[in-house]
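So that you can tell them apart, the chains are marked A, B, C, D and E in the order they are listed, and the count of residues begins at 1 in each.
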Amino acid sequence: MVAQSTTFSAFSATLKRDLLIAFKRRNDLMNPLMFFFIVVTLFPIGITPEREGLREIAVGVLWVSALLASLLSMDNLYRSDYEDGSLEQLLLTPHPLYFMVLAKVISHWLVSGLPLVLLSPILGYVLALPAEAYWTMIVTLLMGTPVLSLLGSIGVALTVSLGSRGLILAMIILPMSVPVLIAGTLAVDQALAGGAVAGHLAIMGAMLAAALSLAPLASAAALRISVS
Amino acid sequence: MPATPSTSDSPAANSTPLLAARNLICERDDRVLFAGLDLELRSGEVVQLKGSNGSGKTTLLRILCGLNDSFSGEIQWQGRPIKGHSDAYLSNLLYIGHHVGVNKVLTPVENLRWSCALHEIATDVDILQALDRIGLRGYEESRCMTLSAGQKQRVSLARLLISPARLWILDEPFTTLDVNGVKLLETLLADHVENSGAALVTTHHNLSVAHHLRVLNLDTHVPDETILQPEGGW
Amino acid sequence: MAWLWFSKLGSPKWFYELSGKWLPWLAAAMVAVLSVGVVWGLLFMPPDYQQGFTTRILTIHVAVASMSLAFFPLMAVAGTITLVWKMKLADMVVKTAAPLGAWFSALTLASGSIWGSVMWGTWWEWDGRLTSMLFQFFLLISVISLRSALNDNEAAAKACAVLSIVGCINVVVIKYSVDWWETLHQPASSLSMNTGSVNGPEFWVPTALMMLGMYLFLAVALILSIRNEILERERRAQWVQDLARVA
Amino acid sequence: MPATPSTSDSPAANSTPLLAARNLICERDDRVLFAGLDLELRSGEVVQLKGSNGSGKTTLLRILCGLNDSFSGEIQWQGRPIKGHSDAYLSNLLYIGHHVGVNKVLTPVENLRWSCALHEIATDVDILQALDRIGLRGYEESRCMTLSAGQKQRVSLARLLISPARLWILDEPFTTLDVNGVKLLETLLADHVENSGAALVTTHHNLSVAHHLRVLNLDTHVPDETILQPEGGW
Amino acid sequence: MVAQSTTFSAFSATLKRDLLIAFKRRNDLMNPLMFFFIVVTLFPIGITPEREGLREIAVGVLWVSALLASLLSMDNLYRSDYEDGSLEQLLLTPHPLYFMVLAKVISHWLVSGLPLVLLSPILGYVLALPAEAYWTMIVTLLMGTPVLSLLGSIGVALTVSLGSRGLILAMIILPMSVPVLIAGTLAVDQALAGGAVAGHLAIMGAMLAAALSLAPLASAAALRISVS
């Protein structure tokens, strides 16, 4: 007689699986990076190649691109699972859905969010971001991108059963992620102005904590709805 | 024919049923699928759910699994309503639907590792044996997107060999299976109910699992108001 | 007992009849209050010494604006009820409130930017409150289109419930946006009734009247559209059939 | 059993076959599915393609339709290779695969309007009659996502009633059809071949379309090197 | 005996169908607009709310957002057809595939590209775009967005069989559309500088012509590959 699995083993199995899938689709590991890179580079082309001009917009461009990159990458968080029926299996697990969703989001962030954070310094340099802003930028991105992923997961969960999603998804996610954008950019601007950023970081920390605790619940509920 | 199949012939008529549904009512787009449907499933039974296309088989199965709650009525697992005590129920439930839940880029082994881990602890040895028995020998390591329709189906069916769940709910599991596949699955069903399991299966071909079998036909059960009228104004 | 009343409140039929009784009174009150407010606010309110007659648009603006902030909380509460108690009526509130909210947000934006065109000499500024209001507008649109996109009513109801609960984040943003950004927009504090200096009673009384009128308007509009929704959904129910036969 | 089924019993043995495939070879992931496969299909014939799961039925059908060109060998339509003269071939071909090609948000009528217009001119009357005959009366105007599995299948099968194509290539068309559905489809097949059509059908249950039927079994055809070995190094 | 359909009737049937689908998914008609709007609004938030600052970046922001909007909306050009098997049916039509693809792209542009062009003046205003640039912007967008859709269709066709597309798609399309971006922005900048824009418009016209004649062919080929 086989024993029942623990919640933790289910959690880690889900985490492993999603990482494995992402890894098998090699390009998934590259794409968010590439996209981030491309979008960022669009601006010097579209707006202004002068370093002075760039310096002005660097922070904003970085954050907006990060936002869009994570938005685009959200799309396949639940979709393939929904289509091949894996999602039903996920919902039928006896373990709390909170952790399963969390596992999926975490693995998604590891694949799409983290690389982006790691790349940001290079792009900061390309966009002539003043040196003193680097650390703040990295830290804020490090705290901000998980929030984006978590908020995103709600949107995706709500819309996964819709035929056409790309856009309604954007409409749901973007407004919600604006606070993150604001907090992030403000913090970096502060750092540029030489001010103290602790306050802003605290705000972002609070956001992250809230998102971590609530977003998976909302997503779980949304998933149940979409599948039924 | 009565709504509840007469349970006289079932092995343990007096024991409390594993799964019991009382007075289920479900309508989709104000079309009544079934109303006042009662269903009892005792250990040692296979209930085959029959009915014409669109009679509501899949819907009923999904309702029983708790995947779909647009219905009224009560569902009990071993006498306790599944609402409150879902995990006791879910850890004994194995559902395989129209969509078999097999990821395309993963190999059969990797797929099973996950879908098993959601419920029970299964070693790779178990999984490989299961795949072997289900007839996927040699395909353990090839991406599922390169498998044929029937082979995908088999991947999901392999879980039947691993899971300890007592209740199987299978939605047209015989689709795309070849003759051997069908035989194999039928023996699996027989074995399962032999050792006090129970199974609820929808299929259009007539099952041959000897004396355990009971048939519930949804067509003989549809109330009158669902005689269909053309909707569009043409 | 209380529970019984609660579930009764959930039943569309009951609500339909009750609201039928209330509606005339509410409507009358609304007309009265609004007309007084408008006339006073637009015609007799003394011109502000610095802001000139344009202050009078502001009475409308402030009323509409504070009003459109009420929608997401409302929908969130109703949504929670939908999710927890599966109450049909609550879902109808969510459904009918969304378009209304969209209209009001649009009105806020419009009245605001009209005022802006006078005060700031531009129709649009990237000001925190304005922008976040714009996003509320978007969110409401997405609530509407989410419902239209999901074919299954049951699912649509719950999905929209979740979305409107989550969407409340934005209301918070709107509230504090003025403090987060260094911003053109009036801090909401200037709304506070007791600031005697500029905004004396002759300013805030009409404004208050306007607000009251707006809330009455909201009530009336909601009830009306909910009644439609009820007839739509219960069209097969016996009592609706009877109504139809009577009419 | 010979690779090419003996055509002695077929109505028009001497005429040039509608569809002829010579010496088809196909391997997927260096696994030979079939080699040196010959196939002739004459008007008035139904050929049932049998074979265990993964034996290559779907692949073969897709090759014959020209949807899949990872093969070697030659395929002829009425004596002319289909490579150059594809449109003469395609306008006489009707293929229904595992995925039935029914859009979820459209209604059955709208779906058929399009999929017919790709080949022939069909009026709404034709379409509605077809839907009626295929057993979707009352569902003409409901979005296909709300249809059951079998009903979706029927939507695509309705094309059989409209299309003038002489060659039908159907991949497991009986899946998810209820008993009446199966009967209906079998009569459709019979009628089709009656008036000089031809059909190539894969299915695991044994067709009953009287004397026209010929069976081609892919299993009896697999060369030896494909005895499967486990690939993964476990 | 039923007669065979003409290429034109097949073409128009496909066009009608796709428009119908888009219309049935009401939000599809709104979304590209909304998304365009939202993305545009991200920049003032992220970068700078001052009109002077905005004026500098207005053109670039508009074009980049247009690019991203059309990119996001591309996603469901072939996808659902691929998944439900309609694509196979499309490939099995006796009529030249060029026109079928063209029909799909046209309907897609009508639904997602055109509204975007019509909205652009408003966004131009909120981004404080100087009045003299309006006409050039509209015209360039009018010529540019179809090119984006056409280029996009190639990318989508190539990637339709892949599980995860949002991003690999972006990587394929974005680089290809950079020329459009450059030409468009240059033209508008010219207009701002008071120079003659005829030259730039000519270039864009050439791009459009080329795309119209070649892109559908490429897409058709790509589709065949993806399906087999």
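Assume a residue touches a chain if its C-beta (ideal position, glycine included) is under 8 Å from a C-beta of that chain, and two chains touch if they have at least 3 such contacts.
Remember, it's a predicted structure, so these values are computed and weren't measured experimentally.
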item	value
Remotest chain, chain E as reference, centres from CA atoms	B
Pair exhibiting more inter-chain C-beta contacts, C-E or B-C	C-E
Maximum centroid distance from chain D, chain identifier (CA atoms)	C
Geometric centre distance via CA averages, chain C-chain A, whole Å	33
Euclidean distance of C-alpha centroids - chain A vs chain D, Å	45
Whole-Å gap between the CA centroids of chain B and chain D	29
Inter-chain centre distance, chain A versus chain B - centres from mean C-alpha coordinates, in Å	37
Interface hub residues of chain C, defined as touching at least two other chains	131, 135, 138, 141-142, 145-146, 149, 152, 154, 181
Residues of chain B touching at least two other chains	70, 98, 104-105
Contacts with 2+ other chains: residues of chain A	21, 25, 80, 83, 162-164, 168, 171, 174-175, 178, 182, 228
Complex interface listing, chain B residues touching chain A	62, 65-70, 86-88, 90-91, 93, 95, 97-106, 110, 113-122, 126, 143, 162-164
Sites on chain B touched by chain D in the complex	28-29, 51-54, 57-58, 98, 107, 109, 124, 128, 135, 137-142, 146-151, 153-154, 172, 175-182, 204-205, 228-232, 234
Of chain C, residues touching chain D in the complex	151-152
Residue ranges of chain A in contact with chain B within the complex	1-5, 9-10, 13-14, 16-17, 20-21, 24-25, 80-81, 83-86, 88-95, 100, 227-228
Chain A - residues contacting chain E, complex	21, 25, 27-28, 30-32, 34-35, 38-39, 42-43, 45-48, 53, 56-57, 59-61, 63-64, 67-68, 72-73, 75-76, 80, 83, 162-168, 170-171, 174-175, 178, 181-182, 185
